[in-house]
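Letters A, B, C, D, E and F mark the chains in the order given here, with residues in each chain numbered from 1 onward.
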Amino acid sequence: MCLSESIVLITQDGVRLDGRRIDELRPVKMQVGVLKNCSGSAYIEQGKTKILVAVQGPREAHPKHIALPGRAILRTRYHMAPFSTDERKSPAPSRREVELSKVIREALEPALFLEEYPKTVIDVFIEVLQADAGTRSAGITAASIALAEAGIPMRDLVTAVAVGKVGGKVVLDLNEAEDEHGEADMPIAMMPSLNKITLLQLNGRLTRQELEEGVNLVKKGIKELYSLQKQALRARFSGAQVEV
Amino acid sequence: MCLSESIVLITQDGVRLDGRRIDELRPVKMQVGVLKNCSGSAYIEQGKTKILVAVQGPREAHPKHIALPGRAILRTRYHMAPFSTDERKSPAPSRREVELSKVIREALEPALFLEEYPKTVIDVFIEVLQADAGTRSAGITAASIALAEAGIPMRDLVTAVAVGKVGGKVVLDLNEAEDEHGEADMPIAMMPSLNKITLLQLNGRLTRQELEEGVNLVKKGIKELYSLQKQALRARFSGAQVEV
Amino acid sequence: MCLSESIVLITQDGVRLDGRRIDELRPVKMQVGVLKNCSGSAYIEQGKTKILVAVQGPREAHPKHIALPGRAILRTRYHMAPFSTDERKSPAPSRREVELSKVIREALEPALFLEEYPKTVIDVFIEVLQADAGTRSAGITAASIALAEAGIPMRDLVTAVAVGKVGGKVVLDLNEAEDEHGEADMPIAMMPSLNKITLLQLNGRLTRQELEEGVNLVKKGIKELYSLQKQALRARFSGAQVEV
Amino acid sequence: MLADLSTVEEFVPIQQKELLALLSTGVREDGRKFDEYRKVEIQTSIYEKANGSAMVKIGNTVAVAGVKAELGEPFPDTPNEGVLTVSLELLPHASPSFEPGPPDENAVEMSRIVDRGLRESKSIKTSELCVLPGKKVWVIYVDIYAMDHDGNIVDASGIAALAALLTAKIPEVKVEGEDVVLLESTRGIPMAERPVPVTVAKIGDYLVVDPSLSEENVADVRVTMTTLESGIVSSIQKSGSGTLEEPDVLKIYDLAYEKGKEIRSLLAKLG
Amino acid sequence: MLADLSTVEEFVPIQQKELLALLSTGVREDGRKFDEYRKVEIQTSIYEKANGSAMVKIGNTVAVAGVKAELGEPFPDTPNEGVLTVSLELLPHASPSFEPGPPDENAVEMSRIVDRGLRESKSIKTSELCVLPGKKVWVIYVDIYAMDHDGNIVDASGIAALAALLTAKIPEVKVEGEDVVLLESTRGIPMAERPVPVTVAKIGDYLVVDPSLSEENVADVRVTMTTLESGIVSSIQKSGSGTLEEPDVLKIYDLAYEKGKEIRSLLAKLG
Amino acid sequence: MLADLSTVEEFVPIQQKELLALLSTGVREDGRKFDEYRKVEIQTSIYEKANGSAMVKIGNTVAVAGVKAELGEPFPDTPNEGVLTVSLELLPHASPSFEPGPPDENAVEMSRIVDRGLRESKSIKTSELCVLPGKKVWVIYVDIYAMDHDGNIVDASGIAALAALLTAKIPEVKVEGEDVVLLESTRGIPMAERPVPVTVAKIGDYLVVDPSLSEENVADVRVTMTTLESGIVSSIQKSGSGTLEEPDVLKIYDLAYEKGKEIRSLLAKLG
C-alpha cells in the first residue's frame, strides 16, 4: 500500500475515481444455488470482483480421526484462479491464501450451529474468478448464503466489506486502484442482526479516530449487503430459476 | 510430432530407416523371473527400448482404508530412469508418467481376476531403463507376464504395441526417430485370444481410413508378441536359468 | 575438505589457530532444563557452536499405526536455523540433515530402555542455532542429557566429539576453519562407562595408523565431556535456576 | 452427501444392471437417444482480466477456461515458436468426490487429453507467436476449471479451452532492438484448426455419446476422440478399466466426427 | 504429555468456566491485572554469524530472531528498494502440540502478522537498502523461532524481530561500475519506525492483555494491534472463532498503544 | 508376501538367536566364511543412451548405475571445477519393503555414503572437467538403482557407480570464445582414485563381511569403509542402532582394505 501522489483517488467533493461517494458500495450481484453437485453454492460480483462459492457437506470426515465427537469441523479454502489477476497467479496456494482461508473460517464459524452435525465435516470452497479488491469480504458474504442454502443452521448471516483510507479520507468498499494506492484497508465481517464482529484486519496506517470512523462507516455497507443476501436467498427458495 | 521433410523415414519400397518393412516388429527379447525379491518380474528389450517390470503382491493394503472388501486393488507405476533418455530426465514423476501409469493400469485390469484377492493390493512397477519409443506398450507386454509369474489368475495375457503413420504410411512398432518425425503414434493393447482392446491412444493425425488400417495392422504385431510372451513364460516355468 | 596450503592450521609445536593444543576441547557450556513446555531440554555451547535440544514424550504415537507394541519409537530431528551459518541456510531439510537425523538417532538408541514405554513415541529435536563444526556431536551430547531430564531410563549417557586430521596431525574437536581446511573429520559417539561406540563416521583421508590414533584421542575428549554432562544434570536436579 | 468412492464402486453392478435394462429399450436415463448430445451453451469474454475466457455448459456440466498470455522464453529446441500450456483443475465445487489440492491422476489425464487435442492438431500457429527469435515468445496459458460435474468434463473443458482461445485478444507488440513494447492495439491468437473432443461411453454393449454423470459411473469405458473439420482425428484416449471391441473404434470415430461438426458450428457463431 | 488437540477442544468449556469465575473477581490465573503485561526481557547480538539477533522472553514464552542480509535482486516493480522477508517457525521444542515441518496455518498467520506489522508501518527504509538500482539490493531475511510457548508468541516474535533489526549490522559497500565490494566497516539497517505488536485476548466479556497459554486456550478471540510511537495503528488481526463487540475495537487499541509504549521504552535501551 | 516392518522387528530376536548359534560354529547361513565376499559380477556399457553404465551383482543383489554428463554452471565457490551429483534410488522392484517415491532416510544415507566415498577420496579430477572457467563445466550425474535387494546394497551401488564412471565416455569439446562446441570424439572421465566401499556387519560379537539380506535383518550394526589402493580410508559410516567395541574399528578396516583390493582387481579388468 503506497500513497501515490500523482493519482487523485478522491476529489475535494468526495467523489471517487469510479464516481462513487465515500460511503457507497460498488454494484453488487448475488445469486444462490448456481451449482448442482454441491450442498450449497453462491456467486457474487462486487464491482469487478467475481467469486464462486460452494459448500460440500455436512459429510463424513475423511480421514476419520479428524472428526470431533461433539460438533462438525468447518474447513474453508480461499483460492484465486490463475486467470483472476493482472499477472497470472500460480495455482499453488500462497501464504496469503493460507492465512485468508483461516481468517475466513474464523469469520464464519461463530454464526454456525456446528454442534448439530457431530463427527462430520463441512467444506466451504471460495474460488476467486476475478480479483479487484475486497475478495475476502465478498467471499465471506457469498459463503454465508451458500451455507444457508446447504441448510446449515445459523445464528445470523455473516456479511463483510472493507473500509479503507484513500486520499486522506475514510471510504467504503475499496476497489483495486484504491487498495493499491490508498493508505489503509480494513476488512470487517459482522453478524449484522447480532451486531457482532467476526473478522477484523487492518493493513495500512490509521489514527485512533480513523479507526473509529471506519468501524462506523462499515456498518452502513454491511447493512446494505445483508439485505442483498436475504434477497438472494428469497429468490432461491421462491423457486426462481438461477444460472451461473 | 512434426513432419520433418529432410528425413526420409521410409522409402518408396516401404523400407524403413532401420531396414524394417512396414509390418515388421523391432527385435524383441523377453525374460520372466529376472529378480528374486518380488512376486513376479520380467525384462523386455524392444529395439533399444529396455524395461524392467516387477510385481509386488498380492499383499495387505497399507494404509488399510484403501483396501476394497470385494477385490484386490491394482496399482501401477510407470517411471523412466534418469539415464534412460537423451537428455537426463528428472527423477520426479512427470505429468506424462502419471497419465501413463493410469492408462497402463486400465489396460491390465480387465485381464485380471482381482476379486480373488479381496482386501489386498497388487503393485506393478515398470521402470524404463532405456527409452526408444514404444515404452508404454513394451511395459504392458512385460507387466502382463510378470503378473503371470506372480500367479495372478488371468482371463488372457495383455499384449501391446504401437502403430503409427510415417512418411504417409501406416507402419508397425515405431522407433524413436519415427515417433519424433512421423505423423502419428497409436499405441494399442489387447487381450489377443479374446480379441478385446484394453488400451487405445492416439497422438498425431490420422484419417478414418488410416485409423482402420492401423487397427488391422496392430493385430499382426500383437499376435507375434503374444507368442513371445508365452514362450518366455514357458522358459521360466520349465526351470531354465534366467538372468537380468 | 581441502588442504589449503596457505593457512597454517597448526604450528610445529602443536598449537592450533585458536590457541588450543592437539588434545584440547573447545570451551564447553551445558545447561539442562532450559525450556518449560517440553519433557526435557538442554542447551550446549562448544566453541561458537550453539545448540538447543528438546525432548517431547514419551507420548502416544500419532498416527497410531506407527506405534510398536513392544517398545517406544525414538525419532530425532537435526535441523539448522537459517541464521546459523555464514550463508543463510534454507529452512527446508537438506539431505545432509536427513542423514544426520538418522545417525544421531542410531547413536542415542542403544543407550535407552525403549521397551519401558511400549506404543509411545519419544521425539528429540536438535536445533543448531549457530554452526561452527561439531554440530552433530554436540547435538548428541546435549540430546543425551535432555533425555535424562525427561526421565527416560538409560544404560549410560551418550557423549560425542570429533577427532580430525589437520596440518598432518590428529587433533581433537575441530572448529570450522579446521573442518574446512583440514584433511579429515571423524565424529564419534560413545557410552563412556560402557566403552561402546554408538556413532562412527569419517569424511576425509586417514591412514590405518591415524585411524587408530583418532580412536584413542577421542576418548580423552569424551571423558571430559561426560563429566560436564553429569555436572549439568546435577545442577538441574539440585534445583538451581536455569535460563536459556 | 455422497458415499465415498469405494462404496460407490461396490454398488456399480446393481446400478449398471438397471441402466442396461433401460438402454436395451433404446432410451437413456434422461430420455436422450444414444447419439444425442446434451444442449451446449457457450459464453465468452466473461473475465476482463484474462486475455480470453469462456464458460461452456453441457447440460448441468460446467467448465470455464481462462487464457493468459505473457511474454517469456521459448523452449531451447523450438526457439521460434510460442509456448502453449494447458492445465485443468477439478474444482471441489464440481463434485463431492473432488478434493482440493494438486491434481490427481484423473485431472492430469483429462488435462493432457485437452492439451493433446489442441497440440497434436497444430491448432495454434505457434510460429506466429514468436516475438524475438530465441528470446521472447508469447506463452499462452490455458487454465480450465471444471465447476459443476454432471458427466463429460473432458468435452466441456476442451470446448471451453477452444472457445477462450478463439476469442482471446493479445497485445500487438513493437520490437525495438532487444526491447519489446506492448501496444494498446490487440490481435487474436492465430488458429489453424478447431479441434473438438467428443466423448463416447460404452455401457455393456451400448455406445452412448456425451455420457451424463450417472452413465459415467457405470460405464465400462470412455473414449474421447478429437476431430478436425477435415475429418482427421488428432487424439484418442480410452479411459476406464473396461474393453473395446475392434469395430467400436470406427463407430466411435463416426459419432465423434458427427457431433464435433455440430459443436464446431456453435463455435462458428462466436465470431 | 499433552492430550491431543481435539480432546483439548472438548474440555474448553469447563476450563473456561473456571477461568471466567476467577476473572469475575478481577484477577487472572497468574495474579496479573487485566491490563498487565508479563515481564519482558530482551537480549540482543546473541549469534555472531547472524547480522542481527535477539531473544525475547515474555514470562516463560521465548522467541528468537536472526537477521541475515544478502545482496540480491530487487523485485521488478520496486527496482530501487531493498527486500524484507519475514518467516516464523514454531519450533517443536516450544510445545508438545507443535509438529516439525512446513509451517501450518497458525505459523503462516503469525508470521504474516509480524511481517505486516513491519511492512505496513514502513519501519524499514527500504530505499536506503538499494545498492545498484534495478540490479543489486540488500535482501533482509528475518527468521523467527518460537522456542518456548507459554502464550502470546506473536508479541514475543514481533518484538524479537524488531530488536534484531534495530541492532543488526550490515557491511558498508563500495560500488565500482557494475561490481559491488563489501567493506570491513558496517552500518545499521535504516529504520523509520518501531512498530510494536500487542495482543489482547477476549475471554467471555473480559479483555486481558498479553494472554498466557492457559488464557489463550480458553480465549474466544485474540486481537493483535501493531502501533507506532505516533499512535498510528499499522496492522490489526483478529484470530480465533469468537466475536468482538464494536466498542472492543477502541478498548483494544487503547491497551495496545499503552503497552506498546512500555515495550518501546525497553527497546530504546538497546542503544 | 513380506510382513510389514514393525512385525519383522518384533521377530528379530528369535531369528538372531538362530543365526548366532550358526555363527558360533564358524559358518554363515549361506556357507560362507566370515571374511568371504559373495561372487561379484560387473557388466559395463549396458545402456547406450547413458555416457556410462554398469550393472553389479553381488550374489543375488543387483545395482545399476547410469552416468549422464551435461554442460552446466560450476558452483560459485569452485568456478574451475566440474560438478559430481550422486543419487541412489531403492527401486520398489528390489524388495517388498521399498516404496516408490522420494528417497527415505535409508536411501538418502546410502546415496550419501556412496557420494562421500567418491568425493572425499577425490576420485574424480574435477579440475579437468572445467570447460570455460566460472561459466561452463561438466556436470556428472551418477544415478544408481538398487534393483534386487539380497543384502549389501551400499557396496553394490558404490562399485556400480565406480565401474560406470571408469568406463564412461564424454564428448571432447572445442571452445570458441564464449561458445562451446561438442565434438564427435570422446574421452573418459579423468579419475585419480578407485575408492571401493566394503560393508561389514556385526551380529552379536561376530564381524561378517558383505552381509546377506537375512544377516542384515538381524545385524546390530553395519559399517561401511571406503578404502583406496594406498590403504587410505576415505569414508566410514556406522549404521544401525547397535554398538561397536573399540577394537572393531581396526578389524573392520583390515577386512575392508583386503576385500577392497579384491574388488579393485575385478575393476582393473574393465579396461
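Criterion: contacts are C-beta pairs under 8 Å (C-beta built on N, C-alpha and C of every residue); 3 or more make two chains touch, one makes a residue touch a chain.
All values derive from a computational prediction rather than experimental measurement.
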What is the chain whose Cα centroid lies farthest from the Cα centroid of subunit D?
C
Test of understanding: which option in C-E, C-F or A-D shares over half of the contact pairs of B-D, residue numbers taken as the match?
C-F
Could you work out which chain's C-alpha centre is the most distant one from the centre of subunit A?
F
On a C-alpha centroid basis, what's the spacing between subunit E and subunit F, in Å?
48
If you average the CA atoms of subunit A and of subunit C, how many Å lie between those two points?
51
What whole-number Å value describes the gap between the mean CA coordinates of subunit B and subunit E?
58
Averaging only over C-alpha atoms, locate the centres of subunit A and subunit E and give their separation in whole Å.
27
For subunit A, write out the residues touching at least two other chains, lowest number first.
none
Hey, what residues on subunit E touch two or more of the other chains?
none
Quick one: in the complex, what on subunit F touches subunit B?
1-2, 4, 47-50, 53, 55, 57, 60, 62, 64, 66-68, 70, 87, 89, 91-96, 100, 141, 143, 145, 147-150, 213
Tell me, which parts of subunit E touch subunit A in their complex?
6, 9-10, 105-106, 108-109, 111-112, 116, 120-121, 223, 225, 228, 231-246, 248-250, 253, 257
Contacting residues of subunit A [partner subunit E, same complex]
1, 66, 68-70, 95-96, 98-99, 101-103, 105-106, 109-110, 186, 191, 194-208, 211-212, 215
Applying the document's contact rule, which stretches of subunit C touch subunit E when the two form their complex?
35-39, 41, 48, 50, 52-54, 56-60, 62, 77, 79, 81-88, 91, 123, 125, 127, 129-132, 244
